[in-house]
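First chain written, first letter: the chains are A, B, C and D, and each begins at residue 1.
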Amino acid sequence: MLSLIVFLPIIAGLIILAVPSSQKQIIRIVSLLAALAQGVLAVLIWRAYDPSLPGITAAPGGSPLGSFQFVEKVPWIGLKLGAMGSLNIEYFLGVDGISVTMIILTALISAIGVLSSWTIQKQVKGYFILYNLLASAMMGCFVALDFFLFYVFWELMLLPMYFLIGIWGGPNREYAAIKFFLYTLFGSVFMLLVMIGLYFSVIDPVTGNHTFSLVAMANQANYLQDAILGPHNVMWRYIAFAVLFVGFAIKVPMFPFHTWLPDAHVEAPTPISVILAGVLLKLGTYGMMRINFPLFPEVFHASMYVIGIFGAINIIYGAFCALAQQDLKKMVAYSSISHMGYVLLGLAAGNSEGMIGALYQMFNHGTITAMLFLLVGVIYDRAHTRQIDKFGGLASYMPVYAAIVTVAWFASLGLPGLSGFISEALVFVGAFSSITTRYIAMVSVLGIVFGAAYLLWSLQRMFLGKRKPDAAYDLEVGADGHEHIHFHDWKGKIDLDGRELTMLVPLVVITIFLGIYPMPVLGMITSSVNKLVEVLTPLAIR
Amino acid sequence: MHSLIQLSIVVLLLPLLSFVILIFFNRRLPRRGDFVGVGILGTAFALSAYIFWTVIVQTYDPAFRVAWDFTWIDLGQVPGIGPLQIKMGIVIDNLTAIMLAMVTLISLLVHLYSTGYMAGDKNYGRYYAFLGIFTFSMLGIVLSDNLFSIYIFWELVGLSSYLLIGFFFEKDSAADAQKKAFLANRVGDIGMWLGILILYSQFHTFSFTEIYANLAAGKFAMSNAWLTAAGLLLFMGCVGKSAQFPLHIWLPDAMEGPTPVSALIHAATMVAAGVYFVARIFVVLTPDALHVIAFIGAFTAFMAATIAITQNDIKRVLAYSTVSQLGYMVLGLGVGAYSAALFHLVTHAFFKACLFLGSGAIIHAMHHEQDMRWMGGLRKHMPWTFATFTLATLALAGLPLTSGFMSKDAILAGAIGFATAEGGGVYYLIPVLGFFSAMLTAFYMGRQIWLVFFGESRTHLKPADDHHSAHHAHSTHDTHNDDHHAAHEVHEVSWNMRAPLVILAALSVFFVYSPNPLDGAQGWFMKMIQTPPTVVGSYQSAPSSEKLAVGSQQSATEGENSALSTQHSALSEQHSAPEAEHSALSTQHSALKESTQHSALTNERQAEIAHASHAAHFPAIYISSIMVILGITLAGIVYVFRIIDPDKTAEAIRPLYLFSLNKWYWDEIYDATFIRGSMLISKMLSWFDTNIIDGIVNGVALIVKKVAFANNSFDKYVVDGLVNFTAFSVNTTGAVLRKLQTGKVQTYVVMLLAVVFGYFVFYFTRLIY
Amino acid sequence: MEHLVPIGLNHYLTISAFLLGFGLFAVMTRKNAIVVLMGVELILNAANINFIAFSKYNGGMGGIMFSLFVIVIAAAEAAIALAIVINIFKIFKSVDVSSIDSMKE
Amino acid sequence: MMNSLTYTVIFYLFAAITVFSAAFVVFSRNVIYSAFSLLFTFFGVAALYVFLSADFIAVTQVVVYVGGILVLLLFGVMFTKGIMDTEVKSDVLHIIPGTLILAGIIGALLYTFYTTHTWKPSETQLHGSLVERIGFETVSHYVLPFEMVSILLLAALIGAAFLARFDKPDNKNS
């Protein structure tokens, strides 16, 4: 099941490989079918998933596999290394509440990304092959339970992303692609070191060999006492945690490591922005929840304060930077940074409300930001500019577009009734309830105001009022006496067309539905996250 | 589930239904679907009226309360806490029933009124949809039984307010105003949210009942200062929503919205929600917090009144008047005059809605002329409007026989009582400001009535270009405007706009609320809404037994009757002995009342204030009547008899005049500090981001690149040089040695043998030496 | 004749040394491939003499048997070598060993 | 058994024939002369074998070398060029290093032989005819090398016949 959902896009990619590159429509349809099939599988997994099982089994005596579901575990690479012992890598897949949420998100965003890629005209075949590779790698990251396998998928993701930005991007694409690539690679190199260190510190309780299994690593009883990352080696454990954290934080992206994001977003084509913001950023925080924190619980507990401060900086700093942007897409990119700060803050709280909120925020940010980037893409397709000042009064001429923009913008600023609110609220509830992060939460609340400020301001400048003199479009009086809008070389429908509505309406519906009744998602994640929190809480406090 | 709960759910969801129908289908319905909105609101009002009838008239029990909740979010088995759920629920008590009826009634009237006022607007259907979602959110606030859902609906009314203020979004001023309103509210909301968080972090629940029970049981683990902070932060929500100083700036600008909206949202209901919320959380407010609230209310009332006297826009005068009256309500809550404040809320809602709708009628009749300087003489053209407007004005000014008189008087009496109970001194500032504001209120309302309805029409005095531009601003949404007959075809509005005025004016008369026109306390309202005993202050409580604490907590969560109630009342009567009447008042037998002895000191304080207020009742009547008459007289002197020329007076005290006209320069101050400050910070941080952070990144990249280049040179000249040298030497050697490779086998044999011979030589040389 | 040393091992070795020397010289210096082959035969004969001489004075049969095999292999070698020489002649129209240097460089 | 003087004289005679004819093989400019001179060398060597009690080897030497190899060489000479062709006269090259090495190698070997004092002839030297012993050894101790050598010889002869074949129509085109 999981293998199928992971490798389905790659299969589609192979099929596309056999299609002549002139058959663009067939290529697109094959990709779409693969994405839809992936979506169906995701729904099946969601329906078959038993939300009462927590996933991680930390307690000694529990099943060494944990209570993960849909587990697939076969030996993959077994190398005898002589005096070094042997290298045992497993093909180990499985899901718990944390990953099943992300699987659904990934399937959803991938499908929408394919639809959004319909307008790509340049080298369609290559584009969709890379796109499918990317979709596979992302999905693989979320279901891999072997650290090595995770790492393979993690790196596999990098390559198509690099080309997708570097070939199909905007004018400054090479710079952005290189920056993205180097930054992420920088993080993952350290991850590799920690991974090897962990390998030599952990023993699989069943076989007695070293193992890359994350489930085994999450149980502190499996660590060798005197190994490099064993419980006695406090300093190295701190260093490993920090290094791993930086690796994931770059992906989030966390404050000092965030500058690749605006560049990458501005240059990337719309569907890639959607994927990047919708799924890739979540991998950073997902990695923290899956790997960084449970493997080093005592270090996490000691560094909650620091993580919280970085979260707060992300929230407020991102909001301020967004306020100053002239480029709409850049503004949305900075809003992503701000919103991912909520996730960090929720994680830093270290309690159930915060962590559940963080995970839910990951999901909601995925859908909402995808919506935002799609909407930016819609206007960019028409006007060929994203400068906020080049618009004005659009609400009169593109009412449907304006309505959906309003929903998306308000969802992003955390309006109750839309999904973003519940996650933000839970994050704050958690962060405030935790004594460690209480004051940080009090400062971070300012982010709510500034978030509203930049979103409403951009909304006003683009949609309200009247056309500005130097706007990127003309007005002409139609046959019925009303004013109509006219973009320079745009032949299509002025307001949203059918394809764009197909992309956006599901997201709007999800956003509203999950804002009113969040349990379909929250129900899946609570037991896993509660268990995670229990693992993370030191015995002395528990 | 109680049948009232079921009904209230229907009432709550009906406006939402209206919203959904209208937002999607308004263009396909006849008349853009306005009948859907009006019809649904009519139904909702009928049901609310039934609830009101059942609760207030039939039951007539001050302690009436039914509640129901359901699990909204289930967070599962949370480590350290156990099962944790976030619940949503509905509570119906007397206050809810009254508010429910009031909100649906005014909303219905506004719906009805708008069929005339907004007719012909191009977004007519959308307007009704927005009204629907506003009513839904407002009812949600009223019905909520927990802080979380109140916060949710709180933000939703903010949204609907945003949408309605910016209804004419093509005007930049409207777009600015809607943004300003939302942001100012957001600032208040984050305070409120932090307050909620403080309480939640202690008890892991949002429910009012559970929080109060826990507080009463002394389970608040943080310091007393945190509790005061929690109260003040929660009050911040009210500051934002009810436009109290320092967040009052958005409300006057919000008059950019359609006038019926101003009546519904920015006069009667939404802005009153802040006061309603403070009343809901009244029991957690510590004395310190209450003092702050009282002062803010008093200052707001005064400040807004001083601004109102110089404004020329008819709606702005009313807007500042609203701010001022809201200040009164907040003042009332701050001084502990709980029921008086809520009473004022209800009475104010009706007469202010009447005033706004009346001004709407005037504006409509004057073809969107809002400046009072160019009005005048409308009394003859619009008799219905004139009559209802005047009645509501009298109620606002607080002349006897009106509802406003009773409620304002009760608040002022409470203020005097408060000052007395707190021991005078600076606390007397509060009643003084209150009375002074009452006089100012009478003055500016008198001015307004005179300028609008009396004298001769001054339309022709208006400068032409000003007239034109003002007119033009509205031309986008007003299809039946016509420049030519602006002045002389002013006539009374149609019945659908007149009827609401009449109904609202009727509700501004005293007998609706109390048989005694001088004492509202004898009316049903003050009987039904009584001050709840506070739950804070248990930290001060006398060493009462643990058993009582546990018992009180149980009974508090269980419900009304309790085995301990006799004991409690005995205790409470003991400490509130001085005045039996007020002790009864302060020890109501609602669910929370059992905990009286834990907050003994605070409740004693309440009782004392109530007692002092009662004593101050008649002085307050006299003083306020005098002040009102003074104000009206002054207005008469200035505007009717022209004994003092207003223009010359304004010249004489020009700095003060400008200070008032420019609204105390708050907008400029905020613009210079917060807004410019934020923009500056954002520009700085953005610069920091692109130049420093990204600069560091690029710098690192550059350094790496430089190093790479240096390395490259090293590589090129040293490492590669070495390699090339090796290659060169090999090449040279090869070139030399190549000569040896002749391809002739015999040459090789020669060499081979030469070597063998060489070996021989070597060997024998070794052998010899 | 008493001064004459009795015929011993060294005599045979001396003869073999001369045969070897001449054989080598032929291989080294003569251009004609046939003569080179003759030199090789000389070298083989020199080796055979040594084998048999040592075998005689040692008393074992190893040298004898070995020389027998050497003769057989020499025959095979001669046959093959001549075949090659004839092929070379067919290709280069010459049996001049020194002119056959196509492996140079 | 002849007396030692006769024995010695005959030995020296054959030794001289062998060495001088070998020298003539090498130094003669005419290939034909070389070939005939080689005949004498082979005979001389065969005689030396007789002195060394290896009568069977001597016979084999005569049969194989003189009857086989030498005839083969003569055929080779004749196949390649006309007998009396002037070009048959083979040139020399590397004459100086060749001479030096010739002298050096011979000198060095002789020096070695004569300065080696450890030659100790066995008590049981070979005497008389060895034919019977050779037959014995061949089919007992050396049966495997014997068989291998016969196969090698067969293969070599077939290969030589194949290589030396004239007119290979298959290869002409390639």
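Things worth noting here:
In this text, contacts are C-beta pairs under 8 Å (C-beta built on N, C-alpha and C of every residue); 3 or more make two chains touch, one makes a residue touch a chain.
If you're wondering where the values come from, they're calculated on a predicted model, not measured in any experiment.
Across the two interfaces under comparison, C-D and B-D, the one joined by more C-beta contacts turns out to be C-D. Ranked by how close its C-alpha mean sits to the mean of all protein C-alpha atoms, the top chain is A. If you average the CA atoms of chain C and of chain D, the two centres end up 6 Å from each other. Averaged C-alpha coordinates give centres for chain B and chain D that are 123 Å from one another.
Per-chain CA centroids place chain B at a distance of 118 Å from chain C. With centres set at the average Cα position, the gap from chain A to chain C is 85 Å.
Residue numbers of chain D whose C-beta contacts span two or more other chains: 93-94, 97-98, 101, 105. Multi-chain contact residues of chain B, defined as those touching 2 or more other chains: 746, 750, 753.
Looking at chain C, one finds that residues 24, 28-29, 98 touch two or more other chains.
Across the assembly, chains come into contact as A-B, B-C, B-D, C-D.
The touching residues of chain B, counted against chain D in their complex, run 746-747, 750, 753-754, 756-757, 760-761, 764. Taken together, the chain C residues at the contact with chain B in this complex read 24, 27-29, 36, 97-98, 100-105. Within the complex formed with chain C, the residues of chain D that make contact are 4-5, 7-8, 11, 15, 18-19, 22-23, 25-26, 31, 34-35, 38, 41-42, 45, 48-49, 51-54, 56-57, 60-61, 64-65, 68-69, 72-73, 75-77, 79-81, 88, 90-95, 97-99, 101-103, 105-106, 109-110, 113-114, 119, 121-126, 130, 133-134, 137-138, 141-142, 145-146, 149-150, 152-153, 156-157, 159-164, 166.
Every residue of chain B that touches chain A in the complex is listed here, in rising order: 72-81, 84, 148, 151-153, 155-156, 159, 166, 169-172, 174-176, 178-179, 182-183, 186-187, 189-190, 193-194, 197-198, 200-201, 204, 678-679, 681-683, 685-686, 689, 693-694, 696-697, 701.
By the touch rule above, chain D contacts chain B in their complex via residues 93-94, 97-98, 101, 104-105, 108, 111.
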